[in-house]
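Just below sit the structures, each encoded as structure tokens.
Next come two complexes built around subunit A: one with subunit B, the other with subunit C.
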Partner chain A sequence: MWGFYFQELMHSLPFFLKGVWMTVAVAGLSLLAGTIIGFIAGIIRAGRNKILRAIIGAWVDLIRGTPFLVQVFIIFFILPSAGIELEAFPAAVIALSNLTASFICEIVVSGILAVPKGQREAATASGLSQYQQLRFIVLPQAMRTIMPPLVGQYVLLVKDSSVVSAIGVVDITRVGWLTVQRIPEGMMVFGLVGLLYFAICYPMINLSGYLERRMTVVTTKL
Partner chain B sequence: MLEAFNFRVILEYMPLYGQCFLATLWLSGLSLLGAIVVGIIACAMRLSQSRIMSGAAGVYIESIRSTPLLVQLYFFYFGLPTLGVMLPEWVTGVIALTLNSGAYYAEIIRSGIQAIHSGQIEAGIASGLSYFQRMRYIILPQALGMTVRPMLGQAIVLVKDSSLLSLISIMELTRAGQLLTSDRFMPAEGFLTTAAFYLILYYMLKSFSSWSEKRLIFQEAH
Partner chain C sequence: MISFKNVNKWYGDLHVLNKIDLEVAQGEVVVVCGPSGSGKSTLIRCINRLEPIQEGELIVDNMNVHDKKANMTQIRAEIGFIFQSFNLYPHMTALGNVTIAPIRVRKIQKEEAEKLGRETLTRVGLGDRINNYPAQLSGGQQQRVAIARGLCMNPKIMLFDEPTSALDPEMIGEVLDVMRDLAEGGMTMIVVTHEMGFAREVANRVVFMDEGKIIEVAPPNDFFTNPQTERGKAFLSSILSH
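What follows is the complex of A and B.
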């Protein structure tokens, strides 16, 4: 029986690859949007405007303090009652971008704060504008601290994207869930699902570790 | 959407929320205890001289970290019955949460232990302390001090992750929101109340984290 189910599973491999594509699409779009929003929010939060800082801080706490699944449900079920009708896919991308942005915001803040104060003072003394300071002095140095946790955050993003299967986005997890109704070998089916996530996440985890080692060596040399 | 916000229904469902709040508490509390035990064992195996032990722990940690919790949950939920193991849903949920967080705790404890300067351990050996004495008096007190913050951070993640248990129909906070949505079709009331309860837990753990941090610095000054 096991052999029969295994063959069945191999037949549904194209279905799984569609799921991989969906996971990559959801995670990829959210990665782009989340990174851009997260960087902007982080730069503002590390800046001088107290009101904006407090607002972003409250947003980060709200997102960090609630489970992602609840956020997905809120966006998918509550926005329609406010008149914003969303399909599962855009709702998933919005929820995931929002989550990622709030975490990247904190990473960017700690990266910017890790740049020694003297650098900014020297830049001001050299007559650089606020934008020039950020662009040429602060961010390039902050990137060193930002990069390793940023890649780590992308791994979390791919893993968290599995949660959007709960609102019916047909990603790898959802494909597994649908397949297991037909092929009742839970370990086999979700073993394959896990393997597919592993293939995406494991290289990213190693990249994060590599960046961490490399960046640390550079900073100790300074 | 807020003018139609129905507080009466929330009050009506408050007993359910109270019950589910307690369920979230003890489900994540139980998993937290289990995860710390699993983490200590996995970490000890990872750092052991035996290649087989360390390799096994490595495979465990890496495969947990590279796959989403939801997939692990489904793996046990759909997989265990095919092995003939019939468990109540909540046991399956606690097993998945424990094994998931256990891998992260193993990494946190390991980084704490490895951050201790090797000279301290050598001094311990030179002073004639046994392995357990070195662990008890030199390594663990320092490692615990360094790892309290990441450990509490992981506890916050664990509490939020327990929301996924609602997807295998365990009664806990997120499930309460789902029930309110399906019984009365009131997703706003349902999920915002759920989110509020999670925020209470989040702020409690967060303030405990900063409190313990202060305490530990205070202890170090002595």
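What follows is the complex of A and C.
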């Protein structure tokens, strides 16, 4: 029986690859949007405007303080009652971008705050504008602190993306759910699901570790 | 060149600058000394508005620094500021450190700025260190790069905030030598320092501060040999006794 199911599973591989493609699409788009929004929010939150800082802080707390599944449901099921209808795919990308942005925001803030105050003072004293200080002095130094946890966050993003299967996005997890109804070998089916996620995440984990080692060496050298 | 008129500044209840009146002429070298917490650093940090003032008027090169409409980029470009902790940009080479402001603020072409940077670094004795990063330089060398960074903007004024306090004793001399050359070249300088030898030799006037007030202003010889106030006497005996 096991051999029969295994063969069946191998026949389903193209279906699984479609799931991989969907996971990569959802996670990739969210990575892009989440990074851009997260950096902008982080730069503002590390800045001077108290009102904007408070607003972003409240948003970060709200997103970090609620389960991601609930956020996905709110965007997919509750927004339509307010007249905003979304397909599963854009709803998933919006929810995941929003989640990722809130975490990246905090990573960027701590990176910027880790740059010694004297760096900004020296830049101010030489006449560099606020934007120039950020662009040439603060961000290049903050990136050393930001890069390792940022890549780590991308790994979490890929894994968290499995939650969007709950609203019908046919990603790797959803393909697993659908397949297990035909092939009732949960261990085998979800073993494959896990393996596929791992294949995406493992290179990123290595990259994160590599960056961490490299950045640490550079920082202690400085 | 620099004119403080009844300048007051508070940190909360603490009156850090108390009715400061001071005129510094072009080409003059003024050394500011006094016990820690006396407001010396704050005094010079107000000149390029690293710190705001709450009352009074501060005129630098005919521009009112604390006017909200003041063009601070222009004012700051004319004032070099040297920090106790150097504050070099660690991700840039010595040449990168000294050329960033000329390129970005003065809008000088990169090649021209690098030529200027090489000349200026050579002038402070670091012609062979142009491509080194700050971490590869000694404290004295870093502070000289910082001075070169200020000089590359071709400033009218140089401010020094305890430039040798973070240095090992054997490196103090090389930094003071550069500052001495600058003074001889006619640069307007205000130097917060405890290097009394430097003050005696180079300064035109010594300003002694305590508790946010200017207590004495005198030529160095007068101040060191015959301070007019009790607090001045007490300060001198405390720093000269060790």
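Everything that follows uses one rule, which is that the second predicted complex is superposed on the first by the 222 of 222 C-alpha atoms of A that agree within 3 Å, B and C clash if a C-alpha of one lies under 4 Å from a C-alpha of the other, contacts with A are read in each partner's own complex, and residues count from 1 in each chain.
Keep this in mind: a residue touches a chain if its C-beta (ideal position, glycine included) is under 8 Å from a C-beta of that chain, and two chains touch if they have at least 3 such contacts.
Note that the coordinates shown come from a computational prediction; the quantities given were computed from them, not determined experimentally.
Student: Based on the superposed arrangement, let me know which partner A:Thr173 touches: subunit B (first), subunit C (second), both, or neither?
Tutor: first
Student: Specify the partner with more touching residues on subunit A, choosing between subunit B and subunit C.
Tutor: More residues of subunit A are touched by B.
Student: Quick check for you: in the superposed arrangement, does A:Met1 touch first (subunit B), second (subunit C), both or neither?
Tutor: neither
Student: Scan A:Gln141 for contacts with subunit B and subunit C and give back first, second, both or neither.
Tutor: Only subunit C; A:Gln141 stays clear of subunit B.
Student: Between subunit B (first) and subunit C (second), which, if any, makes contact with A:Ile51: first, second, both or neither?
Tutor: neither
Student: Just to be sure I read the superposition right, which of the two partners does A:Ala125 touch: subunit B = first, subunit C = second, or both, or neither?
Tutor: A:Ala125: touches subunit C, not subunit B.
Student: Which subunit A residues qualify as touching subunit C in the complex?
Tutor: Touch residues, subunit A against subunit C: 116, 118-119, 121-129, 132, 136-137, 140-141, 221-222.
Student: For subunit A, which residues are in contact with subunit B within the complex?
Tutor: Against subunit B, subunit A makes touches at 61-62, 64-71, 73-74, 77-78, 81-83, 155, 158-163, 165-166, 172-173, 176-177, 180, 184-187, 189-191, 193-194, 197-198, 201-202, 205.
Student: Note which residues of subunit B are touching subunit A in the complex, please.
Tutor: Counting only subunit B, the residues touching subunit A are 1, 4, 62-63, 65-72, 74-75, 77-83, 156, 160-164, 166-167, 174, 177-178, 181, 187-188, 191-192, 194-195, 198-199, 202-203, 206.
Student: Using the touch rule from the top, collect the residues of subunit C that touch subunit A in their complex.
Tutor: 48, 50, 72-74, 76-77, 79-81, 83, 85, 87-91, 100-101, 104-105, 133-135, 146, 149-150, 153
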